[in-house]
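Have a look at these structures, which come just after this line.
Note that subunit A is present in both complexes that follow, paired respectively with subunit B and with subunit C.
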Partner chain A sequence: MLAALKHGAVAALTVVVAVAGMQVLLALAPGDPIDLLPNAEAVRATLEAQWGLDVPLWERIGRTLIGDFGQSLSLRPGAPVREVIAQPLLKTASWWLAGSALLTGLAAVGAVVQRRSIRVPRAVLMVVSIVPTFLLAHLIVNGANEGVVAATDAGLISRPSWFPLPLDASTLRFVVAVGILAIGSASLLDAYTELSTQVHALRSRPFAIAAHSRGEPERSWLWRHLAIAVCELLAGRAPALLGGLVIVEKVLLLGGAGTVLWDAAVGRDYPVALALTAVFALWVAGLRAVLYTLRDHWRRGQTA
Partner chain B sequence: MKRRAAIASLVVVLLVALIGTLMPDMAATETRPDQANLGMSWAFWLGTDRHGRAIATRLVIGLSNGVWPAVGACTVAGVLGLVAGTARGWLGGLTNTVLGFLTTVLATMPRYVLVLVVLTIWGDSALWLALAAGLAWTPSVTEAVSARVERLRHSETILASRLHGVPTWRLLLVHTVWFGCRKTVTRQLLGLFSAFLVLEASLAYIGGLGIREPTPSIGNLLAMQWGRGAWSDPRFWVPAAVLLFIVAATRALAHQLVEPADV
Partner chain C sequence: MPRLTLPFVFGALALAASAIASPLRYAEDGAPGTINPLFTTNMTEARVQELLFDGLFTDSRSLVATPELVQSYQIAEDRQSMTIDLRSGVTWHDGQALSADDVVFTINAMKDPTTASTEAARVSFITTAEATGPRSLRLTFAGPELSPEDKLSFKILPKHRFSGTAIQRNDAFRTNPIGTGPFKLASFSADGSIVLERNVEYFAEVDLNGATLREVADKSYQAKLLVYQSLEALVRVVPRDLATLEADRGIELYPYQTNSWWYIGMNHQGVWADPDMRSALTMMINVDELLRPIGTGDTVTGPFVRSSPFYNHDVRKVAHDPDTARTLIATKGYTFDGTHWVKDGQPLTFRLLVQDDQEVGQDVVIAIQGQLQRYGVTLEPEFIDEAAWKSRVWQSRDFDLVLSQWTFDRNEDIHEQFHSQGSRNFTGYASETTDALLDQARTTVDPQAKRSLLQQAHGSISADQPMVFLWTLNSYAAVSTRVQNAEVHPFYFFTWAQDWSVE
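And now, the complex of A and B:
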C-alpha cells in the first residue's frame, strides 16, 4: 500500500512538472499564434481572450492539469481539444496495448526457449532493428501491394479485400502496424537481449539450481520470477512504443493520436500538441507507477 | 578490425558531409526540366530526379544538411548529460535526487513526441530540431554517466588518489570524466547521431516537418523517388543504403565501446 502511494505520488509529481515545463516552454517562445494572422493587431484582444492566451502561466498549468486543454487552433478551429483527441487516443491505446503484448510475448518466449532447439533468428532481428521504422513500413506495404499485383496479373488470386495497403482498415493493416511497432520501434532485439540476460541470471541462482536438482519443472518458478523483468521492460519501453506509434500511424494512415500530434505540429496547433504531450506523460508515468508497484509487491513476496 | 572499419566509415561520412557543406546550394536546388529522369551516367552518377537535379549532388549536400544538425544535437545532449550525470554521480544526496527526478520527467515524454511538441511551439527549423533531439536524448546520457561516475567515485583507484592528495578537480575531470566516462558518453552520442539522422529522414519523408524541398536531405530524396519499383531504382535505394550504412556503422562502433561495467 505504502509502495503504491509512493509510486503514485512520484507519477503525479512527474506529470505536474512535465506539464509545467511544457507551458514554460510555450511562454518563453517568441510571439504567439495570433502573429501568424494577417490582421493580427485588429483581432488580438478578442482572440487572446478566446484562446486563453491572456491567462497567467500558473492558471494555464492548472487548467491543463484538470483536463481543460482549451480549443484547437488549426486542426478543427474552435473545437474543444478534448473532443479532438478523445477518439484518436482510444485507437492509439489499442495499438499500443497490442504492440506491448507482442513485444513482451516475443521477447519473453525467445529468452526462455533460447537454450532449446528453437533459436531466435538473431541475425534477422539485427537487420530489422537497424532499418528505420518508416522504411520498414513502406517496404512491407510496397512488397505486399506489388506481390498482389503480380499474383493478380498472373491469375493466381483475385483482388483481396485489404488491397491496396494501407488505404482501408483491415486485419492485415492492424497486424502490420503492431508488428512494426513491436519489432522496429520498441527494438525487439534489445528487449530480447535484456530478458535473456535476466533468464540467464535466474537460472544461475541457488534456488533455481536446487529446484532443478529436485526435478521440478522450470515453468513452476521461471515465469513467476521473469514477471518482474517483464514489468521493468514494459515500463522502460512504454515511451518508445508511444513515440514509434507517431511514425507508424502516419505511414500506415491509421488516424490515431500520433497522426493528430503530427498534424498539430505541422499546423502549429499548440493546444492540441500540449494536450497530447500531457496525456502521454500521464500515460507513461501512470503505467510506470502501476508496474513498479506490482514489481515491488512480487519482489517482497519472493524475499519473504 | 571492426572498430577501425566503423571509425573509418564514420570519418568518410563526415568528410562527405564537409564536402557537401562547401558545395553551393544552387547545385542541388536548381531545376533543369530538359534533364529530368536521366539514368546513371558519367555526368550524373546516380541519374537525375523528375526536376532534372543531380541525385549524387543532392545526396552529398543532403547528407551535410542532416549530419551537422546531428552533431549539434550530440553537443547539446553531451554537454547537458555530462554535467547533470557527473553532478548526480559525484555529489549524490539531494543533487542526485533532484536531477534524477528531472531526468525521469524528461524521460517520461516519448522522444518523438517531445521533438514534435518543441517544433510545434518554437517552429520547424534545423536548429530547433537539433536542440529538441539533444534535449530528448539527454536523459539516457545523464543516466549512463551518473551510474558510471557513482561507481568510479567509490572505486579504489579514486580513493587511493584522494589519499595521495590528488586535487578534487583533477580526480573529477581527468580521472572520472575523461578516463572513466569518455567511452560511455561516446557510445550514447553515437546512438543519438544515428537516431537523429533517422528522425530527420522520417520527418522529411512523411512530410510537412524537418528539412523541406527544394533543400535536399536523405528523407527528401527517399520521398521524391518513392513509388512502384522504387527498391530497384538506385535513385531510391542508394540514399536508403547510405542511411542504413550510417546506422549500422554507428551501432557497430557503439557496440565496440561497451565497457564490462556498462553491461
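And now, the complex of A and C:
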C-alpha cells in the first residue's frame, strides 16, 4: 500500500513538473500566437484578453492540472482543446498499445526460444534497432512505393489499394507504423537482451532446476515469472515509445497526438501544448506507477 | 418514343460524364485550422477561400480587375465614392440569395475593431458602405481612389450566418463556412483534409467536379504523390524536384510570375545605419553566384519585380566589387588581420536570421556565409520559426541581417515596407525623399503619375541601399496532364479553377 502511494506520488509530481516545464519553455520561446497574425500589433490588445494571454503562468499551469484546458488558439482557433486532442489521442493510444504489445511479444518470444537453437539474428536486430526511426520509416515507405511502381510498370501487379504509402489509412500503414515503433523507437535489441538475461537467470534458479528435474513443462512457471520483467520493460520503454511516436506520426502522416503537440508548439498554441503535455505525462507516469505497483505485488507474492 | 429516348440519352451521357470527371486533389504543407476570410493568416487559407467565396471583383486572365459579384458599377467623378449593382441570381451555398446587405455587413465586420480582422487594412480606404436597394449599394472612400476595383476583391460573407459585425475567431462559421463560390464545403476533417464539391447553383458554368485538399508537410513527398498519380496539382514545386517532374510525361509544369522578391535586410539601428557599410555589404555579395544553384529567376535592383510597371529599368545593378568594399570597410576603422576584419579587438561578425521554412533558405545562407567569409566577414546564421521571427525581427528588432522575401498582390503597395512610418519597415529605413514619393503615389489618381512616382521611389530606395535586393524566383506549379484548361493565378492559384476539369 505504501509502495503504491509512493509510486502514485511520483507520478503526480512528474505530471506537475512536466506541465510546468512545458509552460516555462513556451514562455521562454520568442513569439506568441498573436505574433503569427498578419496584423499582430493592431489586434494584440484585443486578443491578449480574449485568448487569456494576460493570465499569469502559475494560473495557466494550475488550470491545466485540474483539467481546465480551455480553447485552441492557433491550430483550430476557438475549438475546445478536449475536442482538438481527443481523436488524435485515441489514435496515438492505439499505435502505442500495438507497439508495446509487439515489442514485448517479439522480445519475450525471442528470449524464450533462444534455447531451442532458433537463434534470433542479432545482426539484423542490431541494424534495425540502431537505424534512426525517421530513416527506417523513410526506407520502408520509399522501398514499398518504388517497389509497387516497378512492379506495376512491369505489368506484374495492379495498383494496390494502399498505394502510395502512407497517404491514406490502411492496414499496411498501421502495421508499418507499429513495426517501426516497436523495433526502432523502443530498440528491440535492448529489450530482447534485457528479457534474455532475465530468462537465463530464471532458468538457473533452484525452483526452475527442480521443476525441470520433475519433468514439468517450462511454460508452467516461465511466463508467470517473466511477467515481472515484462512490467519493468514496459515501464522503462513507455517514454521512448511515446517519443518515437512523434517521429513516426510525422513521417507516416498519421495525424496523432504527437503531430498535434509538435504543431501546437510551433504555432504557440499554449492550451493545446499544455493539455497534451499533461496527458502524456499522466500516461507515462501513471502507467509506470501501475506497472511498478504490480511488479512489487508479484515480487512479494513470489517471496512469500 | 423519340421524345422519351432523347432526354434519356442526354441523361445517360451526363451521368457518364459525371462518373468520369474526378475531383482535383492537391497538396498543401499544412491544413487550414479555420476557413473564415475575416481571419486569413496564410496562403493555404487564401487558396481554399478562393474556391469557396467570391469577391465583388476578381482578376481576369490578364490580371485586370473584372466584375465577379458585381453586375455594373459607377465611380463618381471625384473618385471618392462608387455605386454598385450586384449580379442577380447569385445564391449562398445554403440557398439564400446574395444581397447588398451582405456586402455592407462584410465591410463593416472587417472594419469592426472588436472583430480584429486580419483583413481590416484592405477596407481602410472605405469610410461608409450603405445598401441603397436589395442588390445595390454605395461605397464612400476616405480620399480619391484611382482604381477602387483593384481593392474590392476581398471575399463577401453571408450576413445571415452571423449575429453582428463583432465576430470572434471561434465563431462556428470557421469550420462550416458558406460562400457564393463555385465550390462548397463537403467535409472539413480534423486529419487535415478538406473536401469541396461542385456548386451546381453557381451563376457560371463549373467544369471541375470538386476539389480535395490533402495536408502533406513534406515537399518531396508531395512531388512523389503527383508522380504516383495520387494528386493532380502541386501549388509550388521546389527547385530540387523540378527535373524529376519535368521528366514525367504525365505532368506539366506551369511557370508563373509571382510578385515576390528576395532580399537581405539590414538593421539600421546598428552598423548598417552607415550607408558606406551598406554599400560594402552589397558589393561583397555576388547575387548571380547565389542565384545559380537554387533555381532560375531575375535579379532585381529595387523593390519591384522586373515585370512590374513600377520597376525602374534605368537603375543599374550594384557591381560585385570586393576591392571597393574592402576600402569602404577600412575607412570605418576596421583592420584586416589576414583572416578577419577587426575593430577594437572584435571581429566583424553579423547574426543573420532566416525563417526555418524559407524555401532553399539554407542553401542561400550557406552560400552567403561562404562569400562573406572570403572577404573576412563572419556570418552567424540562425534559423527560427515564424513566431520567433515575428517577435525578434518585427517587434524587438533583435537582428543584424535577415534573409527573407516580400510577396505583394497586384497593387504592389510598398508603402508599409519602405515609408519611415510603415508598419512593416522593420529595418528602420528612413528617407524623406522616399517618404514623399510613396505618399504622393498613394494619393494620386493619375495612373501615369503613380507609375512615375513609384519608379522614382525605386531609384531613391536603390540609391540608399537599405537592403541587398536579390532576385525574383521563377515559380512553377505542377499539374497532371489529366487536368484540362489548367491556368493558375500567380497569387491565389485557384481563381480560374472552375474552368479546369479532370479526366
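Basically, the second predicted complex is superposed on the first by the 267 of 304 C-alpha atoms of A that agree within 3 Å, B and C clash if a C-alpha of one lies under 4 Å from a C-alpha of the other, contacts with A are read in each partner's own complex, and residues count from 1 in each chain.
As a convention for this text, a contact is a pair of C-beta atoms (placed from the backbone, for glycine too) under 8 Å apart; a residue touches a chain by one contact, two chains touch by 3 or more.
Computed from a predicted structure; not experimentally measured.
Of the two partner chains, subunit B is the only one that A:Val284 touches; subunit C does not reach it. Contacts of A:Val131 after superposition: subunit B is touched, whereas subunit C is not reached. Contact with neither subunit B nor subunit C is seen for A:Ser170 once the two complexes are overlaid on the shared chain.
Shared-chain residue A:Leu276: touches subunit B; no touch with subunit C. Shared-chain residue A:Leu139: touches subunit B; no touch with subunit C. Contact with both subunit B and subunit C is seen for A:Arg268 once the two complexes are overlaid on the shared chain. Shared-chain residue A:Gly78: touches subunit C; no touch with subunit B.
When the two structures are aligned on the shared chain, A:Gly244 is found in touch with subunit B, with no touch to subunit C.
By the touch criterion defined above, A:Glu41 lies against subunit C but remains apart from subunit B after alignment on the C-alpha atoms of chain A. Annotation: subunit A residues 29, 250, 266, 268 touch subunit B in one complex and subunit C in the other. Put simply, subunit B touches subunit A in their complex at residues 101-102, 104-105, 107-114, 116-124, 198, 201-202, 205-206, 208-209, 222, 226, 228-231, 240, 243-244, 247-248, 251. Subunit A meets subunit B in the complex at residues 10, 13-15, 17-18, 21-22, 25-26, 29, 130-135, 138-139, 142, 146, 239-240, 242-244, 246-247, 250-251, 261-262, 264-266, 268-270, 273-274, 276-277, 280-281, 284-285, 288. Chain contact summary for the complex, subunit A toward subunit C: residues 29-33, 35-43, 46-47, 50, 71-72, 74-79, 84, 87-88, 145, 149, 163-164, 167, 250, 253, 255, 263, 266-268.
Contacts from subunit C toward subunit A in the complex involve residues 30, 33-34, 39-41, 113-114, 116, 118, 120-121, 168-171, 174-175, 190-192, 214-217, 224-225, 228, 230, 384-392, 394-395, 423.
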